[in-house]
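Single-structure report; data block below.
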Amino acid sequence: MDWLTPEAWSAVVLSLRVSLTATLVSLPLGVFVAHALARWSFPGKQVLNGLVHLPLILPPVVTGYLLLLTFGRQGPVGGFLDQCCGIVFAFRWTGAALAAAVMAFPLMVRAIRLSIEAVDPGLEQAAATLGASRLWVFATVTLPMILPGILTGAILAFAKAMGEFGATITFVSNIPGETQTLPSAIYAFLQVPGGEGTAIKLVLVSVAVAMAALLASEVLAARMARRLSGT
Amino acid sequence: MSLEVAVRHRFPGFALDVAFTAPDGVTALFGRSGSGKTSVVNAVAGLLRPDAGRVVARGEALVDTGARLWRAPHRRRIGYVFQEARLFPHLSVRQNLLYGRWFARHGGDGPEFDHVVDLLGLAPLLSRRPATLSGGERQRVSIGRAILSRPRLLLMDEPLAALDEARRAEILPYLERVRDEAGIPILYVSHSVSEVARLATTVIVLDEGRVLRAGAAEDVLSDPFSAASAGIRGVGAVITGRIDTHHSDGLTELSTSSAQIFLPRVAAAVGAEIRVRIEAQDVTLSLTRPEGISALNILPCEITDIRRGEGPGVLVRLRSGADTLLARITQRSAERMGLARGTACHAVIKTVSVAPEDIGRRG
Amino acid sequence: GGVTVFAAASLKDAMDDVADLWAETTDHTAKVALAGSSTLARQIQHGAPVDVFISANTAWMDRLEADGLIVAERRVDLLRNTLVLVGHGHGDDAVDLSDPAALPARLGDGRLAMALVEAVPAGIYGKAALQSLGLWRTLEPRVAQADNVRAALALVSTGEAPLGIVYGTDAAADDSVSVLATFPEDSHPPIVYPAAPLADSTNALADRFVDFLQGPEARSAFERQGFDVTGG
Amino acid sequence: MSLEVAVRHRFPGFALDVAFTAPDGVTALFGRSGSGKTSVVNAVAGLLRPDAGRVVARGEALVDTGARLWRAPHRRRIGYVFQEARLFPHLSVRQNLLYGRWFARHGGDGPEFDHVVDLLGLAPLLSRRPATLSGGERQRVSIGRAILSRPRLLLMDEPLAALDEARRAEILPYLERVRDEAGIPILYVSHSVSEVARLATTVIVLDEGRVLRAGAAEDVLSDPFSAASAGIRGVGAVITGRIDTHHSDGLTELSTSSAQIFLPRVAAAVGAEIRVRIEAQDVTLSLTRPEGISALNILPCEITDIRRGEGPGVLVRLRSGADTLLARITQRSAERMGLARGTACHAVIKTVSVAPEDIGRRG
Amino acid sequence: MDWLTPEAWSAVVLSLRVSLTATLVSLPLGVFVAHALARWSFPGKQVLNGLVHLPLILPPVVTGYLLLLTFGRQGPVGGFLDQCCGIVFAFRWTGAALAAAVMAFPLMVRAIRLSIEAVDPGLEQAAATLGASRLWVFATVTLPMILPGILTGAILAFAKAMGEFGATITFVSNIPGETQTLPSAIYAFLQVPGGEGTAIKLVLVSVAVAMAALLASEVLAARMARRLSGT
């Protein structure tokens, strides 16, 4: 397809990979944190809550910079992960995924938490009387009932990841084929006079992908709702 | 000693302070709306953490605030039929029913799925989801779910309230069998005297969060005062007898301590001991032995007590052999007949006035 | 009254000083809005209420001039800057840019931090310089592009990238990097910051401010930040 | 013509096809669990949009799929007591009760708040929120909420199921007054024969989504077959009488078409016509007029029909003056006494066996 | 307070004003759109849904650019609003609020929609039988029951608005005292050597404000939950 340059295409593919990875990998943690915030009480709960929201509050550039300081190869966590397990984020697509995941995390957690809070505790109690431990109650009652919330959280995270720019470029910069996501490419084209044409093409690709995901999630959610209402 | 309960708990505006011991069999919790029945059941289930108290089931402590002991609900092995069904909306009826099985890895076969489904009439609903069930259907699934979880203790909070009488009549004998065969103690909340009289060995009457009266079902249900305060109209007494013959015309002949009586066919073997509840209002008293009358059961008695009940009636306590009977008649009749303590008379009881749900095997 | 100035973000410190000086000497205020040159230029194209524009490159100023949005005859090349190679930390030897093997060797398998090489002025200049030195082909796969010069510099100062190409002004002010080489002036197009009053501005102060930018007070402010003041 | 219902609707696995006409007064919907009672009520309320059908209330069409007419639920002015309470969790009990008042701008004073609160025993709960109420408390609030909304038509889906008998006995006369004084037609779902017999003018028996039997309460409840299929055990007949005297011993004397009878005090004025439901199992038959017996009411009768009922019993239909009575006795007694169509005998009815909830004013 | 320069203070104040305005003004629309998406079916529903999510998907710069094209003084909507009602967004703080509102809108709508979907339709039916029209049902039953969702939506929007940078600076530029929000100020400080100190101070202010709002919302939410559970 010569409608887009090969470089642009590789940005599209990379963005998809980054967004999907960011969403899927952070989902379990998101569910866990949302559950903790919704149902448990523990010291430091408000600190955790604040931490989760931080990427929403901070300008993306600052988040990116903090990521660089923490997860860069010279950073405490980044250095440790590199040495112990060979996990490197700096200048890798994994770093872009990390940045996207961090930026999307507050949205994901909030959506999931909201659905957890809407689950009738009476049903969880019923499951407990039937012999289900807290973990099983969660897995067999709470989790299936919050699927719409998880779906919402995931789709918000995916969309956010598709559009994330500031933190990503600050953290992993823009290496074509490795860390150049769609938004970085779009940004670059917008910086030069006359670059709007290509930028718009990329924007359209990005929108098309996200809209497809959105539509799919709506269909899925409708099916879930229908199952619950029993028809 | 099957179940010991002693709990104290304060809600804003309501104080629960209840202590009772429930032997094996069915213990009925009676009491007016808001008297604390569900709260007691919740404390046993572990859904209410009492301010202070102790719950011991079959020798095993479930809560003991003094010893800081607390067993989580899922480790109590209880089957709880909630007042409001609480089915899992995301699971089919079949999955709801089997939910407890998942976690019931401990021994014992437990009741058979197919049998419970048949009994509760759930076969056509198995693949449906709770949202589309009718009120009674939901309640039946909830009963099945609790029973199928192979509990060690059944808690039933008005399990039959949403059901029609025919369906109740089908389920009651089954609960009786659960009680007898599986030997599972049952804590049973109900407003229906006949249900309770049939099932319960023990009756606890609650009033405003306290135990008003506790004791053997026979005693409590025969006591017009405790019964009335529990909102019960149908005062009655329970007599016991042994089955002699099953007649071909559908009647079962029974020998009680004072006479032979006839009941609609009882589903128990010859020789079995059964309990029959006879409502005080169904007993007619006659000074002479009446003849040419459709009532088959005429028991010779002696009056041991006469009390004014509520309204224009008096409650007459009778001894008939070793059994106690209660009769509720109008004050007018009592005066006209000159009844007094010690008067000998006949209690006339229609066979058909003993409803099937008032006959139970001795639990 | 006062003037509203759109200035490339890299001029922040200097423009802060200039605005203060302007207020002192004229009793007028100067509001300086700082953003990427492209952002500012586009806003001017869409009717931003602004009196003076200072761009970090000529491309966007040329575009505005072609659109008739600036007073072309009052356009000046206000400042110049240098392009340098920086390294993380201190004590490293200088890099000889005339040796085509020196820079790649020093880089090793590390990354060379630059601003976006197709989009952001510092990156465009850097790419041109590397091309003219015959290093671009070798280094291109190793370049990490940031969305602005400061982000590129941050990659070097945190040590994430061992080397980077930034403006001389940026390098001078960052303690955790050292200048390893300065790119020859002829290796890239002149690094020029053009300034001009805007055609749509009815503010009489606009012209005065452009004059002021070239005056001695502003000149010393710019020089304090390491700029090369060429205009006037 | 108060309410005409004709609806057809298909659920997956269940077809509703029901048509009936309900005159003024209380119309009871009877039927086993899952027979379609709630679905019919929902169609009247506008919560179920039937595939086809017509609902006309007091001459005004609420739905008419033929004419593409659809009146939204909030414009139907109905009071609906749901099977599951459905209280607003964010409102206090008081606010729940007053919710309908907000929208009831149309004329008429409607029932008094304080009175309804007293009657339902809600005074101590007014400032509470539904989450903390007991099952019965919730149901009572729901009843109050519906009544206080000044409806033109009341729909009650097992409104008293969660209540103890004493509480029921308090609420029933009130519902009777709502029926009579406010003249509001009521569609009433219940499993309790005595409730229905007392309140209902008309009974509709549903079975698997179809009308099995419909007619005057007297007729339907006296018919052992329709009643049995609705899951009713307590077959009985309704007789009418006029109040003669209120005696000082708490009895009310009544003249029926054949004899004077005594009932526990009836809350109606001398001269009032009332309906008394007498359960077939409470009637004893005697060939001679028994003497020295505690039963006060002895009505001379003639046997008009004998049918085998369920079990070992026979159902005897009797004419006593202008009234019909039903007696359920054992086949054994019937044979022994030689009962046949045309036999003259006496129906013996204990005064106290007529429960207060079985006495109602003619609605 | 000389801990921050007056210019920085004015950025703080402006950011607060922008974020509060953006949140409060868009809230009614957010509730309306969320309700439409959750409970109605109408043609073009998926288009509306997509539109709402667009700012999440697009790189902020693109959103800002589109806002500039649409709501700029030369844009079709901006021009119309200017002439008809004298409402100007371009290069005004109102424009910053518009940008923040647009960027935060998907978060707000999603949270509210999720809570609307969790409301038991049985309660809404009960209200209808008691005489409440659709509007009244919404106002007296649905709305009070989704307050936790609205709170979540509002706090997400506020936090997002406090951190929004890309779209804002692209749309209304970075004019001190007029359109220079906290993130823009932080950005400016990060552009010059040695500006990190001030930038960090501003970040701290931003975090403090958002955390205070977050904490307040948690307290409020807990109180709501307690009211519903009746204690």
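Think of it as A, B, C, D and E in the order they're written, each chain with its own count starting at 1.
In this text, contacts are C-beta pairs under 8 Å (C-beta built on N, C-alpha and C of every residue); 3 or more make two chains touch, one makes a residue touch a chain.
These figures come from a predicted structure and were not determined experimentally.
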Joint neighbours of chain E and chain D, given as chain labels: none
Least step count from chain A to chain D, where 1 means the two chains touch: 2
Two chains joined by the most C-beta pairs in contact, as defined above: B-D
Length of the line joining the C-alpha centres of chain B and chain D, rounded to whole Å: 26
Where chain C and chain D are represented by their mean Cα positions, the distance between them in whole Å: 90
Whole-Å gap between the CA centroids of chain A and chain C: 35
Junction residues of chain B - those touching two or more other chains: 84, 128, 132
Residues of chain C engaged with two or more neighbouring chains: none
For chain E, residues that touch 2 or more chains besides their own: 61, 65, 187, 190, 231
Pairwise chain contacts, counting only pairs that touch as defined: A-B, A-C, A-E, B-D, C-E, D-E
Chain C-touching residues of chain E, taken from the complex the two chains share: 61, 65, 68-69, 72-75, 90-91, 169-170, 173-180, 184, 187-195
Residue numbers on chain C that touch chain A, as the complex places them: 36, 38, 41, 59-60, 62-63, 111, 113, 116, 118-120, 143-147, 151-152, 154-155, 158-160
Residues on chain E engaged by chain D in the complex (per definition of touch): 122-123, 125-134, 136-137, 140-141, 144-145, 227-231
Contacting residues of chain B [partner chain D, same complex]: 11, 13, 31-34, 37-38, 83-84, 121, 124, 128, 132-137, 139-140, 157-158, 161-167, 169, 191, 193, 228, 230-234, 247, 249-251, 262, 264-265, 281-282, 284-288, 290-296, 311-313, 327-334, 337, 348, 350-353, 355
Touching residues on chain E, where the partner in the complex is chain A: 46, 49-50, 53-54, 56-62, 65, 106-107, 110-111, 113-115, 117-118, 148-149, 152, 156, 159-160, 162-163, 165-166, 182-183, 186-187, 190, 199, 203, 206-207, 210-211, 214-215, 218, 225
